[in-house]
Amino acid sequence: MIISFPDKKKRRIYKENFLYIIMMIFGFLMLVPLIWVVLTAFKTEPEIAKLPITWLPESFLNFDNFVQMFAEQPFGRYFFNSITVAVISLISSTAIAVLAGYAFAKIEFKFKEFFFLLILSVFMIPAEVMVLPKYLMMAQIGWVNSYLGLAFPDLFTAFGVYLFRQFMSGIPDTYIDAARIDGASEIKILWHVILPLIKPALAAFIIIKFMFSWNQFLWPLVIGQKQDMFTVTVGLVAFSGQWYNQWNLIAAATVLSIIPMLLIFVLLQKHLVQGLVMSGTKG
Amino acid sequence: MSTVRLSNVSKSFGNLRVVSDVNLEISDGEFLVLLGPSGCGKSTTLRMIAGLEETSSGDILIDEKVINDDDPKDRNIAMVFQNYALYPHMSVRKNLAFGLKMRNMKTSTIAEKVNEVADMLQLSDLMERFPAQLSGGQRQRVAMGRAMVRTPKVFLFDEPLSNLDAVLRTELRSELKKLHMQLKTTSIYVTHDQVEAMTLADRIVVMKNGKIEQIGTPKEIFHNPKTLYVAKFIGNPQMNLHEMQVKKINNSIFLTASSLSIPIPKAVINRTNTSYLKDGATISMGIRPTDIFINNAGNKKGAFKAKMILTEMLGAETLIEFGIEDLNFKAIVEDDYGISSGDLFEVGMNFEKIHIFEDTT
Amino acid sequence: MMKHLLIALKFSVIAILFSVVSASAGTTLKVWLPVDTWKKTLGFYEENLAEFKKLHPDVEMEFVQIPYENYEAKYLTAFASGSDAPDVFNGKVAYYAGAIGIADEAPSDLQKLYNDELLNTTKPFFQVDGKWHAYPTSTDQGMMVYYNVDHFKEAGLDPNKPPKTFQELLDFAKKLTTYDADGKITRNGLALRYAGAPVGITDKILPFLHAFGGRLYSPDGSTADGYLNGPETTAAMQYMYDLVYTHKVSSLELGKPVETFAAGKASMIFREGWLEGWMAGNAPDINYKVSALPDGPAGYPGLSLLFGWSWMVNNQSPNKDIAWDWIRTISNKEMDLELAQLEGYLPVWAENFEHPFVADRKDAEATQVIMSNPSGPYYDHPYINEIASKIGEQVQAVLYGADPTKALQIAVKNVNKLLKKK
Amino acid sequence: MLKFLWISFWGKSVKQRRSRMGYLFLLPSLFFVTLHFIIPTIYNIVLSFSEWHIIRPLEFVGFEKYIDVLTSDEFWEALSRTLYFTLLSVPITITSALIVALALYRIGPRKGSALVRAMYFAPVVASLTAVAYIWTWMFNPAYGLLNEILKFFYLAPIQWLNDINQVIPSLSIMYIWSRLGFDMLILMSGLTAISPDYYEAARIDGANRWHSFWNITLPLLNQQLVLVCVVEIMMALKVFELPYAATNGGPVNASRTLVMHIYETAFQWNRMDEAAVASLALFVIILIVTALQHFFLSRKIHY
């Protein structure tokens, strides 16, 4: 295998370049719907209804749709709500999942397998199945229309336990042994030794979790009754009236609803890939 | 002023007994080496002393105080790991300071101690580097420093040199020895490398299958192995061992195999348990390669006819392999006198240095 | 990063504590309104609290807009939770008083006042067993014909002569529809409601049904068999089916009726009086007129409505009496007129119909026709909402090309199941 | 003194203390498992055997609600529609995600490869409600881009979401578009973790690309494939946002999915009891599907 065939190698590079271009083209096609909605957000109502359709808006400085959208619905409030809920649930679910992940990966105790299966089963059963009883529970403790109520199903994510356990299993035990001998308590080990080592997994989890919370729909639809407790997704749907759709405004709202997630993704995407790869290597 | 004592310590994982009834006393300032092949329970014993594993039964005492149920952090011990376990996300300085920080020491005191240790180990130029940026030897030294900085009662070493190449290992071994002479901290050192054990230890504990085979100074272990196992394990090349029959003729004892017959001097009988030196019994006879010589000087005493099989030049010395009757022996000699394989020659043995073991190979 | 997380955690804890503390103070009267077309109503009431404040100076009012989209779900979840339910809410009486039983019966003084003063034609929509359970938000006169004057002229029709019969309606629609080169409709002659909530679809077809002499179910509310699948209802369905498939004057592809009418892509639509106010705000350029519904084979369809919007009091509310007090303070003809003018819909007090505001409206003539004719059938079954929904699904199926007879057969089966639940 | 309290509370031995620490760390999770899973499941079961009324307490009615639900056409229609959607969407999503992942892996790290990867992932960040609106506009028969493209190729326009028979496939297109990137990323993480040694060894053994794919890539990707299958099937079975926002279940209920049926039954028609039965049905279906997947797919998987 030491002998190299220059022709073969060249052909391979050609092939790979060709593939690269194909993937670029398809990748661009994946973006078309997003581009289309962004373009639509800058068009006026008559422009939208013009036939044959036009690609580019007459003016990219036409922010009327965004202005009007905020005038018609308290989108600022929706954003605030979504962010609040996402942050509360992110903090809570990360803390809980890191603790449990550590326990599963590095501490010996009885019924470990059983507990892990129990938590995995929560991961398998979608929250939608539990919407009714959870809603009634929230109603009974008076958390309807509150941030805690909105965040409730997201305060804990079984997926996080799974992810962190996978990741932490890959950390050599000697780090923990060394820290124990160095005089660190379990909490301090977790904080000073483990957490810095699982940064990629944390980043992956933060993206996935934030995305999940931000994009929740059924639960906030049920639990946030008043407009001032709507999240962005619910607000977006409320925005499209029953009998009259203002597509220019819906497009603007849709675009805005995606932006925060897009930012987070752009900022953390390197870590997301790394985190997933690293937790993938540990079976 | 620290002693460590293990009293009837046992450890089982499920049904598997990895350490059984270990009794051990380590006096203050002593450098004790636990020696044995992997899986012999030496690491587990060390980890029990550290508090990383718990004993299944028996007591571990430091300064005559039972510490079975103390957390590692409360035992005032320090440990150097095989892979060093330096925290990859902390600089050398932070790695050194971590143990002190966990004990809530004042920042200024920490800095002082860290610098002191860094000076001693010549780490001062590396303080801001991360473990990944260090060579193996440097990492090893940081790991040492991390243990030293807390001035613990006991140092525990878990094969700390095994990840290094041969040259570095020798170098660091003597450094370690010097450090110990300087600090005089009670140390327990686990290794499977007999040379390390020999060079470092005040006393060696040879372990097998979770049990102590023999405890003794390196000299005792080498010159007077108590069991066949210890005899085999210590010394390189291995001691020549052969099954032989005991033959009592008058008051003399001979060991025989086919037509070979070796007379046993009184000195050997005196240091051997005579209960198994019964007439007709099968025992193992051992003699170290260094106690065999080529009989070229005309010294006829204890001379055997031998047939050369192989000679290997080791440098100053030569390793020869030859057969006497149908028994194969190895010897380290200063000169092979140009004997080549197939040649017949005579060898002599220092019968005083013969070892006799009850169990057979 | 950990430090930032900690800070964020601290802040969120404080924020939560703060919101818990600030929530518990004094009596608050919660008023909920699903905001569909009435965008100014709550603001109006908020500004006219003087009289109520005299009665209850310490009571805070909280006006909440509930988006129209799935407001029923919001209401139900609120009533079920109890803790955060409205004291006063706006909705459909038959459902909330009848099916759910959450609407309080009006006090006797209001019973008398409403009987004496409010418009007669729409009374049943706000009563259960002859007792008022609500104060109407507006007078819904049911469907009227909105037609585009410019399109009429273009098609050679007289804008002052709207269709008088369903036959004429079809003839006009044929003339008004425009097509592209492929024969695809580019402008609806008569736009039909084919999508959205099925309840709404049923609401919009009632005039067709009643004009042909059909009914949703028997007057005693026992069965739909023989009514919903009777020859009259079937004929009405067939008429609608033909509009789309036989005569091709109504397309399902151009958008929802109001959307197309406002965009000049529909020449005629059926809609309620409030649309006038909406058109003024959203499509001021459309030149249109309003007329009463045409006569069908069974004559004039009369007022054809499923429900009317009205204010109700939550009978589980600890502040029931205060709630009725608030309704009492808004139940006067001055506020009624003012609000109607503000939102552009018809008042509820009989006397206010004398006012020039009503007479000057584009739908004044149609209103007169509606008021001078007897009402069409009224459906007061508590589950009317769901019944209408089941029927709407099948109407939609017909508009999408299903056989009317078969579709109505399925509807009967579904409706009868619901009729049995009382 | 403090130490004594600590030890007497946490147990005498190091091991005991450490395992109790384990339980302590697990406690918050178990608390929420109870709150999110155990109590709701019990509550749901209780609800399914009761007559629900908004302001009156529950009343036990035995299997009445089960009979109501299991004999209603709507439930079965919603269920079969959901299964149809799942069968249509999931295999295509995973297959195309695998193809994209393999292709991107083949291209290897080079300038711009992160950008290409981001292109495929970008739709994932949009919420499903946003996806619904993006595509409703793409699918619009008159003003939508898709029909415009069809027209460009002289093809007949399609009614997409407006057509009873096309609405579910149209929703599938949305779904595939929005989920592909996520699966691709997971699969790529698995591909990256496969040591190139295996391929080298296989090539020396004379295996062609196809053999390598079947005998090395797929088996070693098993863990990621199982994860992706589990997640996608679950996501597809619970689909709600897409039909809710894009079609409101229409036209003529053709896109009314099971979760939508549950939502409407519970929150629009105020029949929590029947909705509870339908929820339990979904629960059981997911259990069965998950069990089947474990049985067939995860041979060598250790969690």
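Each chain carries a letter (A, B, C and D) given by its place in the written order, and its residues are counted from 1.
Here is the rule we use: contacts are C-beta pairs under 8 Å (C-beta built on N, C-alpha and C of every residue); 3 or more make two chains touch, one makes a residue touch a chain.
Source: prediction; values computed, not measured.
Trainee: Where centres are the averaged C-alpha coordinates, which chain has the largest centre distance to chain B?
Mentor: Centre of mass proxy via C-alpha means gives C as farthest from chain B.
Trainee: So what's the Cα centroid distance for chain B and chain C, whole Å?
Mentor: The computed centroid separation for chain B versus chain C comes out at 94 Å.
Trainee: Measuring centre to centre with CA averages, how many angstrom lie between chain A and chain C?
Mentor: 39
Trainee: Taking each chain's centre as the mean of its CA atoms, how far is chain B from chain D in angstrom?
Mentor: 59
Trainee: What whole-Å value do you get for the distance between chain A and chain D if each is reduced to the mean of its CA atoms?
Mentor: 14
Trainee: What are the residues of chain A that contact at least two other chains?
Mentor: In chain A, residues 49, 136, 222, 237, 240 touch at least two other chains, as defined above.
Trainee: Can you list the chain B residues in contact with two or more other chains?
Mentor: 51, 71-72
Trainee: Spell out, as numbers or ranges, the residues of chain D touching 2 or more other chains.
Mentor: 15, 142, 263, 267, 272
Trainee: Between which chains does touch occur?
Mentor: According to the stated criterion, the contacting chain pairs are A-B, A-C, A-D, B-D, C-D.
Trainee: So in the complex, the part of chain B that touches chain D is made up of which residues?
Mentor: Contact set of chain B toward chain D: 51, 54, 68-72.
Trainee: Any idea which chain D residues touch chain A in the complex?
Mentor: 15, 18-23, 25-26, 28-30, 32-33, 35-37, 39-41, 43-44, 47, 100, 103-104, 106-108, 110, 112-114, 116-130, 133-135, 137-138, 142-143, 145, 148, 177, 180-181, 185-186, 188-190, 192-193, 200, 203-204, 223-224, 230, 234-235, 237-238, 240-241, 244-245, 259, 262-263, 266-267, 272, 275-276, 279-280, 282-283, 286-287, 290, 301-303
Trainee: Quick one: which bits of chain D touch chain B in the complex? Just the residue numbers, please.
Mentor: Going through chain D, the ones touching chain B are 7, 12-15, 17.
Trainee: Enumerate the contact residues on chain B facing chain A in the complex.
Mentor: Its residues touching chain A are 47, 50-52, 71-73, 77-79, 81-83, 85, 87-89, 98-99, 102-103, 146, 150.
Trainee: Can you list the chain A residues touching chain D in their complex?
Mentor: 1, 16, 19-20, 22-24, 26-28, 30-34, 36-37, 40, 48-49, 51-53, 95-97, 99-100, 102-104, 107-110, 112, 115-116, 118-122, 124-134, 136-137, 153, 155-156, 158, 161-162, 186, 211, 214-215, 217-218, 222, 232-233, 236-237, 240, 247, 250-251, 254, 257-258, 261-262, 264-266, 269-270, 272-273, 276-277, 279-281, 283
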